[in-house]
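The following blocks contain the structures, represented as structure tokens.
Below are two complexes that have chain A in common, paired first with chain B and then with chain C.
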Partner chain A sequence: MSAETIFTQHLVNGLLLSGIYGLVAAGLTLIYGVLEIVNFAHGEFYMLGAYFTFIASAWLDLPYYISVALAVALSTFIALIVERGAIRPIVERSFESKVLSTFAISMILANTALLLFTATPRTVKTGLAGTIEIAGVFFSVERVLALLTGYLAFLALHLFLQKTRIGKAIRAVAQNRDACYVVGIDLNKMARITFGLGIGLAGLAGALIAPIFSIEPSMGQAIVLKAFAIVIVGGFGSVKGAALAALIIGLGESLVGGYVSATLKDGLAFLIIILVLILRPQGIFGRATRVL
Partner chain B sequence: MVDRDFTNKIRRTLIYIILAIGALSVPFFTQSPYILHILILTGIYLILAQSLNLMLGYVGFLSLAQTAFFGIGAYTSTILAVTYSQSFWVGLVLAIIIPSVIAAAVGIPFLRLSRHSFVISTLGFLLICWLIVRNWVEVTRGPLGIPGIPSPKLSVFNLLDLNFAGRVNYYILVIVFVLVLHILLTKLVRSRIGRAFIAIREDEALAQAVGINTMKYKMLAFSISAGIAGVAGSLFAHYITFLDPTVFEFYNLENILVITLVGGSGTIGGPMLGSIIFTILPELLRVAKEFRLIVYGAILLLTVLLMPEGIGGKFKTYLHKRRIREVYAK
Partner chain C sequence: MANRKHKAISNAVAGAAMVILLIIGVGIGYVIPKETPAAQTTTVTNVVTQTITQTRTETTTVTVKQPVTPIKIGFSAPLTGAGAFYGQQALWGAQMAVDEINSKGGVLGRQLTLIAEDHRGVPAEAVSTVEKLINVDQVSVIIGTFFSSPTLAVMPIVEKAGVPLFSPVSSSPLIYSQTGAQGNKWVFKTNPSDTLMVRALAKFMFDVKGYKSVSLVAEDTDFGRGIVNTLEAEAAKYGVNVLSKDFVEQGAKDFTAVLTKIKSLKPDVIGLGITGTAQIELIMKQSKELGLKVPLSGRYDIFAPELKPYVDAGEAEGFNTVTPYSPLYQGGRNPDFVKAFKARTGQDPHWNAFLAYECVYVVAKAIQKAGSDDRAAIRNAAEGLEYDSITGIKLKFDQNNHMFPYCYIIEVKDKQFTIQVVETATLK
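Right after this comes the complex of A and B.
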């Protein structure tokens, strides 16, 4: 393989990773913006999305597209239950309570998955055969599909937040809660929608990744830290910042993993977290409007 | 009338003495290796939980790095004992110093951050430590782990020659550490320094406004808590006699969070109660580790939702209310 093909491969894989990270991080940052909760259980919903896809396609023999839709719907449904039972009661509490509450949810979900599915890695077969050529390199259809769907979902999220009434209300809550009371935005409802939306995105990311990487109960813990890194780099509560940061971290990991070392690739996100927090606590793209 | 505080103090001291004698006399009643094993681990987890308690309960900063300091302490002590054939005591001292120094170093940037960012950066720190230990194979042997960690020995000239290899002896050793820590921590949190910690927890800006150098006290608390976690790590490594990177796993973190929170953070007795409950509970729930963690998660969630002050906190409020009633009755 020539140097160029290798580079193309790392580039496309990096873009795929970026898309997936972006979806997970966008949900995390939205939930932070509206509910002021750092959702430690976010990765577990990504894991659930992947497992729901696995159940639907491997056990129920449903086509891949339907499995993905089902996975997103089910993760959102579970998110709404969790929101009702464990998030709403603590919205007004201290930051530590919020962290511990979501940490407990993460413990429950991750270990339930471990109990039900065991630690054995699983794979999802989509039945989609064939490859697609990009700049002289061949990629599986699943990979390209995940990449495109990821970016389309991100575009849809952007349009939703910018153009629709509910999207605007969500942004309003993230900017100024008190003003929302004044103009009559239902904060509880916005919190519920945001939580469901954010988790739905994480579930979608899990469903898209399911046929590409093997899935296991600990996959949520691995990604949530990367999503934290992205949210920190992009600035808490900023979806645009998260998109840019996801591109940097996804591509960075893929290129560092390909050209430097696999260990550094795993540690990259954590190093970035700590460096950014020390040098620019408001995030690279964030504005220092809110003291976090 | 005799001063109430004085009688209270005597009563409290008596309770401690009775508890101490009770704990130390366990081997007279049972020498069952199984029970002693459980109790030794309880003691070690209690020490680790107290290190979290100091940061979360007194200074008000949730540090997820305590299990990293536990691991660093364990590895320091182990490498000194196995690679450099040093005694347990040398290892123990360095297992206190090295985590404290690292905590002070990372504390400079971390403790300047907000409480949100502090939590996440301590989590990042934990994962970096995990990654380093797994990959620095020349020193830590990576995932293979380090076997054959010697048991602690204590010989003072020819007068005293103790070997802590047996379960009974190790149990006594751990209990002594627990008691010493208990006394020191109680003294610390009631001192001027402890009051500064609590002031930071209650309102950092106000604490600063009344002239408390908050950064200094936060650094102090973080270093002390790292040293305490290091002691627990060293005791753990020399008891299990085998060490691998799984000490950094989330299991330990989840365990001490549950012990501290349910027992009651911000009280010294709370985590003690918590560690006893969460030692007996898993034995009653003799099921798969995953199932136990689901139950722990549920208990943690319910505690946060319904009883954020923990059992210890509830008890403290009860005592406080009773005291108020008594004062009014007079």
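Right after this comes the complex of A and C.
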């Protein structure tokens, strides 16, 4: 097996994971752009998406694609309740209130899941497990599916923000809140839609990762740190930046894990943060705080 | 004004909805049947009290006649988390021994009570469980902690508090080099160390199977690093090439980078040092997805339920490992033990169950010899204690508080596990 094939395989491995990273980070950055809230509970919604998929496919025996749809719908539904009860009351409050509120949501969700499902890792079987070989490079079917779904969701999000009235309104809120009041954009409504949308993306990421990795209640804490790293590298509030940063970190981790050391793999994202903060503190695509 | 009132009402409604959702969620948690005992100590205590009540009903007359307090044995294990399967098996094994002893009248005419605590495999939590067992429950002796890093973390604590710790599963050489005459007189080891077991395995791998090259993958814990160090040293002795050496986070999920690298190196075998059963499944799944076909060896759980489908499908042919126990062993009274355990739990005993089971008997014997439940008296009695294992071997604590029971080389052949018994005392 040639060195080129191995290198390509490492790139493919990284590419397939970057889709998941991108989805989680895109939701996080979107919510920050519009609500100016750093959502510490974001990882827990990703965990919820995975567990809803597990319940639907393992306990209720539903087909995988229906489980995914159900997981996205249910996590969005919970997000809307949480938005009404714990986000809207603190949108105009101080930065500390926002941090504490989302941190509390994170703890409540993670510990409720621990109580419900225990810390025992679970797996989701899709019936799609398998692999495709192209010129010595292997593509896991489940991972390719996750990547494609992830990028489709990204495309849909991009079109929604660029082409629809609501999408334009959301971008307007991110650019100038006061002007939105003047032209009569309903800020509460935009905040609600954005939060639901962002969480829906996290839920989708969780649903897509469920069959690839084992799932457990603490899985959200690990991904949210990486998502923060991606959002900081990409620039807070920039969806495009999040997508690019996810790709850089996904590929970087795969190459470091393969050629340097598996122990260093998880440190890479944070090393990149340090570099970005020194060289370009606003992030790659960062322009103050704005969506796109 | 009306608007503000409206806002206050809808805020209250949303708040109430969240509380209700939480209550429903928690409610479901109690209704949903669980395969494994739940997180938190609540359910764990349930399990314990349940079994105790069962025993009480069986021996009602005895209990009524003897209103003496039971002897408390502390038990710290990973009952949830990545090691949940092991912790559950260990608790079943220990409880079975306690029930057997109690049904025969207990020790010194007193019943034994097992107080189980969950440390989730986290060293810091193991420390809290052991401190609780020592200070709150006032146990006479502790059995635990089943994982190496947690055991290493609690060793100084039991030494300082003067509580004997009987450790039946943790196998890191770091533990063995500190016990008995070497320093910590309060810790007793009833299972063979990784040094001895890996020595036995290396002979099988490099001599019998004739592997010429190996790639090592282990979790970044005391257990994993111990396995890699020993395997590396053994490989050097046999003149075998170690092609790569990788440490992954405990509970890691993505092994593709390491496995892709191994694929390019083409070793004869992969030497593992991994505890989690979910991790073994992920390694198998990802190897398959990457088209990597190299047999697994080293220390991992070849009997894990997650690995069963691969064994049945013939995808684990030639996989081998060394274990401190196997239900397949036909010597001594082991077949009876396997049958009784299966009747009780519906599952085959894992080595965690067997080692915990035997450890309770060792503890009971030490209490018997001490003639009291005093912590120091039990420790003194345990020094040099002799014990007849149900596997048919005579065991004795040496000056370092180590026992040398059998270990077993397991290999998958024709979708079946084959077994070879090795005497660990000869490997010293």
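Before moving on, here are some points about what is shown:
Quick note on the criterion: the second predicted complex is superposed on the first by the 277 of 292 C-alpha atoms of A that agree within 3 Å, B and C clash if a C-alpha of one lies under 4 Å from a C-alpha of the other, contacts with A are read in each partner's own complex, and residues count from 1 in each chain.
Quick note on the criterion: a residue touches a chain if its C-beta (ideal position, glycine included) is under 8 Å from a C-beta of that chain, and two chains touch if they have at least 3 such contacts.
As the structure is a prediction and not an experimental result, all values here were calculated from the model.
Once chain A of one complex is fitted onto chain A of the other, the partner contacts of A:Glu133 are limited to chain C, with no touch recorded for chain B. In the superposition on chain A, A:Ala156 makes contact with neither chain B nor chain C. Judged by the touch definition given at the top, the superposed model places A:Leu148 against neither chain B nor chain C. Residue contacts after overlaying the shared chain place A:Gln9 against chain C, while chain B stays out of touching range.
Using the contact criterion defined above for the overlaid structures, shared-chain residue A:Arg84 touches chain C, although it does not reach chain B. Once chain A of one complex is fitted onto chain A of the other, the partner contacts of A:Thr263 extend to both chain B and chain C. Of the two partner chains placed by the overlay, neither chain B nor chain C lies in contact with A:Ala179. Contact with chain C, but none with chain B, is seen for A:Glu253 once the two complexes are overlaid on the shared chain. Applying the stated contact rule after C-alpha superposition, one finds that A:Ser214 touches chain C and leaves chain B untouched. Chain A residues in contact with chain B (one complex) as well as with chain C (other complex) are 86, 89, 108, 112, 114-115, 263, 266.
Those residues of chain C that touch chain A in the shared complex are 10-11, 14-15, 17-18, 21-22, 25-26, 28-29, 32, 34-40, 80-82, 84-85, 120, 220, 246-249, 252-254, 256-258, 260-261, 263-264, 266, 276, 278, 281-282, 285-286, 288-291, 306.
On the side of chain B, the complex with chain A involves touching residues 56, 60, 62, 109-110, 113-117, 119-121, 123-125, 127-128, 131, 135, 250, 254, 257, 261, 288, 290-291, 293-294, 296-298, 300-301, 304-305, 308.
On the side of chain A, the complex with chain C involves touching residues 1, 3, 6, 9-10, 13, 17, 78, 81-82, 84-86, 89, 108, 112, 114-116, 118-121, 123, 129-131, 133, 138, 140, 143, 213-214, 216, 253-259, 261-263, 265-266. Chain A meets chain B in the complex at residues 38, 86, 89-90, 93, 95-97, 99-101, 103-108, 111-112, 114-115, 221, 225, 228-229, 232, 236, 263, 266-267, 270-271, 273-274, 277-278, 281, 291-292.
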